[in-house]
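Okay, structure first, notes after.
Order of writing sets the chain letters: A, B, C, D and E. Residues in each chain are counted from 1.
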Amino acid sequence: MELYLYIALFSPLVGSLFAALFAASPKSLIAGVVPSLLLFTSFVASTILLVNILSGGDIVHVEMMTWIATGNLYIPFGFVVDQVSITMMMVVTVVSTVVHVYSIGYMDHDKSFNRFFAWLSAFVFSMMILVMSDNFAGLFIGWEGVGLCSWGLIGFWYHKESATWAANEAFIMNRIADLGMLIGIFLVYWNTGTLQYDEAFAVMPALNSEILTWMGIFLFVGAMGKSAQFPLHTWLADAMEGPTPVSALIHAATMVTAGVYLVVRANPLYDLIPHVGLFIASLGAFVALFAASMALVNRDMKRIIAYSTLSQLGYMFVAAGLGAYWVALFHLMAHAFFKALLFLGAGNVMHAMHDELDPFKMGGLKKPLKWTFIMMTLASVALAGIYPFAGFFSKDLILEVSLIEHHYIIYSVLLFTAGLTAFYSFRLVALIFHGEERYKLFGIDPHEAYKFVLIAMSPLLILAIIAGSFKMTYFEMVTAVLPATQYHVHSVVTYWIMTIGTQLFVLLAIAFAYKKYANNRITVPNGTSKMENRLCYKILSNQYYIPYVYEEYISKPYRELSEVFWKHVDMKVVDASVDGIANIIYSTGEKTRTMQSGNLSTMLKWMVAGTVALLSLAVVFGLAVRYSDEIKLIFSGLGVQ
Amino acid sequence: MLEPVNVSLESLNLMTLAPMLIPIIGALFILIIDIVKPNLDKTLYVMLSLLFLLLDLGAIAESAGIFAVNGTVMGVFDVMLIDGLAILSQLIIVGASLLFIPLALTHSRFHEFSYPEFFALFLFMISGFQFMVATDNLILIFVGLETASLALYTLIAMHNRDKSFEAAVKYFTMGALAAGFFSFGSMVFYALTGSVEINQIASVLAASNYADMGYVLVGTVFMLGSIGFKVSLVPFHTWTPDVYEGASAALAGYMSIVPKIAAFIVAMRFFEFLIHSGVVWLEVILYIAVVVTMTASNMWALVQSDVKRMLAYSSISHAGFVMAAILIGTTQSNSAFFLYWILFSFTNLGAFSMLWISRQKHLPNHQRTDHSYDKFAGMIKKSPVAAVIMGLFMLSLAGVPPFALFWGKLYMISSAVTSGYTVLALIMALNSAIAAYYYLKLIVYMFMKEPVTGNHEHVYAINATLALKTIIGFAAIGTVFALVALNPLLEFITTFVYNSGY
Amino acid sequence: MLDHILSILIFFPALAAVLGFAIQKDSIRAYGVAVATVEFALSLWLWFSFDSDVSGMQFMEQLPLVPAFGINYILGVDGISLFIIIMAAFFTMIGIASLTDTKDEKNMIITLLFLQMTMVGVFVALDAIVFYIFWELSLVPMLYIIGAWGGPLRVYASVKFFLYTFTGSLVMLVGMLFMAYFYFQATGTWSFAILDWYRLILPESFQLWLFVAFFIGFAIKVPMFPFHTWLPYAHGQAPTIGSVILAAILLKMGTYAFIRFSLPLFPDASVFYMYPIAVLAIIMIIYTAMVAYAQKDIKQLVAYSSVSHMGVIILGTFALNVEGISGSVFLMIAHGIVSGALFLLVGVIYDRRHTKMMSEFGGLAHVMPRYATIFAIMMMAAVGMPLMINFVGEFLSLLGFYQQSHILTLLAGIAIIVGAIYMLAAYKKMFFGIVTNEANRNLPDVNKRELVALIPLVIITIWLGVYPKPILEPINNSVESIVQLMHDKSITEEAKSRIPNLVKAIEITRTSAQGAN
Amino acid sequence: MMEIGLNHYLVLSTILFSIGLVGVIRRKNLLMLFFATEILLNSVNISFAAISHFYGDLTGQMFAFFVIAIAASEVAVGLGLLIVWHKRHGNIDLEQMSTMRG
Amino acid sequence: MFEAIAFYLFAFLTISMFYITVTTSQALYALAALAAGMIFISAFFFILGADFLGAIQIVVYSGAVMALYAFGMMFFDTTRDIKEKQGNRAIVFGLSTIAATLVVVIFAAPMVSNNITALYPIIEGAGNTQQVGMVLFTKYLVPFEVAAVMLLVAMIAGIVLAGKKMDLSLTLMSDDEVMKLKNEQNKKVLL
């Protein structure tokens, strides 16, 4: 089995290096095909591992080699394939294989085709390390690795100022969170003496709860960055500057869920500190609503989906925070499928629309983009959580969890958010595919994507539809390592009321969205309509002014402070004081050199003056010695010791 | 009626006189040759002087042997005193003189070397310094000092241009004042103790337990004035830069070493017993003098635009530095003093010789003084070997290891540390840093600037002959490989200093 | 020959430099490369024959220099110094090999060879005076390199560099003399041998003063805030090769000396001054990173980033535990490689455009993709990407210091944020966007000669990031012995508790290692 | 007061020495300056002779003797220097003698 | 009594003479006053029983030194009024006053330890000259000889400086000129 593990882990790396070989040369198809094949290999290996696990095989745990060993610290490159990581592996390999194949089509005309695949496969490799590592340090390697690849992919079109800016923003925001993660890791090490998951978690119950709380908080700070939780969320929307497959893979399906994965992985820790869990859940609920609200009015197709992702991540954190780790993981998986699908669909639309992102400028695309229309609609249905699509099983479960755990506020927030989700999803679908063909105004002639692209997307479509049916199998599998809490509403009646109620609410929202946006009266807004001038619209469309606040009150002051530090502190204080000392010495020399006037008489006077000065000192001293007793007397009289 | 005096020749210990007599004989010899057959070439006199100096060195070695066996020797009615200090300082005096004399063999002709009298006076001067260091009798010190000084004034003036006359007159006048101070100081101590021998003065003062502190201090002030003048302590230093500038570079280098060591020996003999017997005032004053001399002259050296003047101020600073040895007054510090001065003489003579070989008779238009910094700009491009050698001397003077002077500084600062003069040690160290600034300035000019247009390639060696090059090579080797000779040197010095009771 | 390999390592380049004077100007580069390669091979041989399991000094040589004053020529190498020596040889080699056409090439190569002598000397010297000799002597070739081949402010920069460090080391020299004097008082003989000094237990008050004396010398060299201002000038003005060696090797002298002198000689003082120094280190990290962010000149930026990274090294050193010190030693090497590479990279673009202003560039990724890639790799290494060389050191340093103070480590950890900020901003300015400046339109990508220097560095950066063990293990052994020495020597309770006693701790390592297996 | 002791001579000598010093610092004509230095040396001689007398010790007289010799030699050299200077510049004013400064 | 009168008389005379020497603007007056002062000083020597010294004083100073100075004066043509720029009078005045006061004050104080044993005692009955000779040629033989050398040095110095072609400076001539000069005056001039 170890062989499969290594194959699953390293084939993306090989793919990446292979593509990197061609990075500087013009597009060659092979640079895209080979990594895709290798990823498929990885997927196959992962599947074999999954089958092994499902069939009751042992958890595969290998230690490849020592990484860092000094003092008491011992960090190996260790990998574990257990029920949790295999779930993640499957998600990652499936989605990434799809995205790779999709990208061959999507990036067809890009001159940096080869480079794209190098980055993309490198990302998959990092993600695999992240999920397969058996220790915190390995997790951190993957953590940073995905950050790096995310930077490279967001900024892939580096000639675009906005893209590079977004790349840097994403990296730096993640770095802020990574610091928290790093501190969390330090805490783990100094309190447990190891960074291995199993050993560390084994020691944790014996630790002081304050320490555990800090540990939990700092690790979660790490998770917040990667999963773009408030207040570190702004990068995710901006990250949509990257090519769409990237958004699908990284900013929807895999990387952003790493935070959830971390919390799930550290479940023994969070179980010990339920108050932190509650905080996580509350934050998750808040983010779910907060992000959904921003998605309501946005006019950028990808950003809408990104906010939706953010919102769904909030759901996952609610589940994870409330101790329903398997639920979180389940929703993670389901979400990965339909959200990736949604993004890839959006990619098709963009392609067809020559990178136009404003859905108001589209409309009526269902004819030219028939398949895309179908896929996106189904994905949106899944996202909205309509039975029997994947979203229903996972999302409703989270609602149930919050209800059962008696967190009614969270429940109501989530419920409301579910409605919003349905609304904005279908607002998007309606705007893009229904109504008048507004795109014609812009002289665009949209075409459906390549066939193989559509075929490549189909596994995701299937999974988005049927993933819910794996629920029980999945439950049985992961609860081998996760707390096996079954969430059943006690009363059947309540359950049905709840479920049907939710479904109705969601359907209503969808209907409302269609009614409002699927008609022919929609025009491209130009900032004059009444709605656009409403305060709440402005707040929402400006993302609660948070990016503005960050720019004005953090970035700008930082830049200015840096300038001040350099120009005023470093140059004018620190350096100037050093030079000042030198200048004082020099100018003293310059001033006193007049003593050497070259005049003999002056020289003689100096000599005599020197002697006279010495004589005066001698007299003072001589008198002091002679009258030392009297002087002492006077001093003691004055009270001087 | 007076008794007739019977003196046995053995009791006179005439051997103690031999080292001083040799240069006197040599000088007379030169004068006689000149009378018998005038117009002989300077090379003859150079070589004669060298021979006599070598003989002198032999005689000193002889007395060193005697000292090693018998310890301190007094001779000729106890006026002459051969102890470790005398031997070490005479070695330095004669050694430096040996290095100096061949510098007369320049390529260009300079006025002074065309006189045989120059060499005669030079040898007389050496004997004067030797007398100065080999006695503890203030009278002989005074007479020796004046003999040497008068000869030196003349040697400076014989360079025969306006600046050298000016220098000689300045030096002479201030020297006369210093002589007044010396005699006054001696008078005070004579009044106090009825003796003009330093040992005697020390023991009488100790016996009376320094009852007349006031008088002692006044005497010390005047002695300090005159010795301070000789070793150029601030504010008695004012002659130094002008005289060095006025004299020929070779002589200036010589002056930075030999007259000073003679004065230092006197200072060592005179001040150390005072400090050791608890004349706190002197300790304080010397402390101040050392610090001020080091620091102030460093500052002045910084702002110079002429290399020779810079080196003049730098040698003031070095003098201040070693004056600390006398302040500290331990065996280690006194050994450090000799070590420092030996290493310094190599380096400084080397540096001045480098100036000497580049001395032009007529200054080009862009040059305001003989050795302005500009002249050396871009030297590495024109004359790399010379630049590297000059650079080595500068680094050594700055105290960059492992060049010669570093070891002197190291041992000196160590002696300060060992005796608890921590702050002084720090000041000494920091002053080395200031000093590095101006040595570096020359290096910057030589290595980092573009050459001045109009400077010929050979301007840096315009005066060079084999003899001069040999001397410079010798100094350079000494500077670079000082480390090799350090241990025997240190042991030798320490033994001699220790056995002389210092 | 192995008995004297250290002497050979020191004096071979010097001798070669002297002989180099006789070589024709056209052929000097080949000569330089040959000599440096031999030296590098020798240093590799040293590594090969080095016994990683021995924690103490190896290849010791001893020769009396001035026995009367206790100065001996003592050399030795341990895990801490070994790799810096190899790195010095390595950088000299690739430095000479990749040297672009400069005026007075011959002088430059001879100077570099002399510089190499001093660099190796500093790291193998086990006698304080011998150490000091090389320490000071290293200033001279560097002075010349900056001053003769530098930018418009080169004279100011070089003199400032020289005087600043010279001043600091003179104070250190006074400290050394004190130390020797205390040794003399305690034993009756003079000795400047570091290993002798290790045996000396000083009262705390003396330790505090001596620590400060040594600290000034080392801190200026490192350079620590607020003594750092010479560095941007030196780097900004120095030619590429000068910056590379300055950043890669010369700065390491300071941090190396902290580990070689300050910690084992003054364990109690180290504990006493731990917090103030940590605060300085944190100021270094954050403040200089911000200053770096404000830079307009890419080289100045890299220079300030060096200061910032040196802060992490200092912090790791003053963690006073094995993790931290090992980390800081490792980071020395890592930073050497990475900042050396960054300076080489800056040199590449400077050679082409003769400007270092970031505003002059933009969109370079279009015209010089290979260059951009290598730059990106090195930049990511510099910001501490895992599996790259810097991360190991930074992680360990911070991890180590976390034991001493949580909140300070948290502050120091900001390094990873601010470091990313200025690096990414600079990268964006230079490489991203479209080519706006016509002069950049047709720049040639990195050529073979430059690749010769850069590719090995990239390989090392990744290789040691993935598999640091060959270096970390010897370092760890030597550091353990130093930490144990510190623990045994310390006299205050505070120090005893702050500095771990490894006898117990080593057992834990075994159990955890077994558990992991 | 009428009993003349050593101190009287010392004071006298000191007064004369001070006069010499005054001369040294205020004279600008080199020849006159040399006069002042002669006064310095001479004044000390009085003290030497007096001490010698009061202590009954000949050393003082010896010292004075040598001081006279020194003074005489100095005059010779000093005048030689002045003559050379005067030949060149036609004056012996020290104010004219400041080409080297700083 | 006689001693006291003589002391005060000569003290007054020397002080006034020397005062004139340092203050007068007439070089001739100064020279004359100096010579007179020197002679008056010799009176002290006679009073103190240092007959030899007194004689020497008159011979050397009033004779040799003064003659030299007189020659010098003639040479320099300084017989008329000498105008001396006085820079800062305050400094001169201040320095001299402080110096004088300090030293006088100190020396007015009696010496504490007066039990000095003479090393070379003055022997009653022997003539001063005889005694001086005795000490000079035993104990002070070396200084005496060195003094002789010193006088020789002074003489040579005087000759070289004042006499020997110092007005023709080889230092300032270019090498060609020097060679020419040498050829021209080959055997005659010292080169």
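Please note the rule applied: a residue touches a chain if its C-beta (ideal position, glycine included) is under 8 Å from a C-beta of that chain, and two chains touch if they have at least 3 such contacts.
On a predicted model such as this, the values are computed, not experimentally measured, just so you know.
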Separation of chain A from chain C in touching-chain steps, minimised, is 1
Ordered by label, the neighbours common to chain C and chain D are A, B
For chain C and chain E, the contact-path distance works out to 2
Chains sharing the largest count of C-beta contacts are D-E
Most central chain, judged by mean Cα position vs. mean of all protein Cα atoms, is C
The chain whose C-alpha centroid lies farthest from that of chain A is chain E
Dist(centroid_CA(chain B), centroid_CA(chain D)) in Å evaluates to 26
Chain centres from averaged Cα atoms put chain A and chain D apart, in whole Å, by 94
Expressed in whole Å, how far the mean CA point of chain B lies from that of chain C is 44
Chain A and chain B have mean C-alpha positions lying a whole-number Å distance apart equal to 76
By the touch definition above, chain D meets two or more other chains at residues 6, 10, 17, 20-21, 24-28, 34, 55, 57, 59, 62, 66, 69-70, 73-74, 77, 80-82, 84, 88, 94-95, 97-102
Touching at least 2 other chains, the residues of chain A are 582, 593, 596, 598, 600-601, 604-605, 608-609, 611, 615, 619, 622
For chain C, residue numbers touching 2 or more other chains are 163
Chain-chain contacts, ordered by label, are A-B, A-C, A-D, A-E, B-C, B-D, B-E, D-E
Within the complex, chain B is touched by chain C residues 64-69, 104, 107, 129, 132-133, 136-137, 139-140, 143-144, 147-148, 154-155, 158-159, 162-163, 166-167, 170-171, 173-174, 177-178, 180-181, 184
Touching chain A in the complex, chain B uses residues 169-170, 173-174, 177-178, 181, 213-214, 217-218, 220-222, 224-225, 228-229, 234-236, 238-239, 241-242, 280-281, 284-285, 296, 298-303, 434, 437
Per the touch rule, the chain E residues reaching chain A in their complex are 87, 91-92, 95, 98-99, 102-103, 105-106
Chain A partner, complex, touching residues on chain C are 160, 163-164, 225-230, 287, 290-291, 293-295, 321-323, 326-327, 363, 365-366, 369-370, 373, 380, 383, 385-387, 391-392, 395-396, 398-400, 402-403, 406, 409-410, 413-414, 416-417, 420-421, 424-425, 428, 431-434, 466-469, 472-473, 475-476, 479-480, 505, 508-509, 512-513, 515-517
In the complex, the residues of chain B that touch chain C are 380-381, 384, 395, 398-402, 406-407, 410-411, 413-414, 417-418, 422, 425-426, 429-430, 432-433, 436-437, 440-441, 443-444, 447-449, 483, 486-487, 490-491, 494
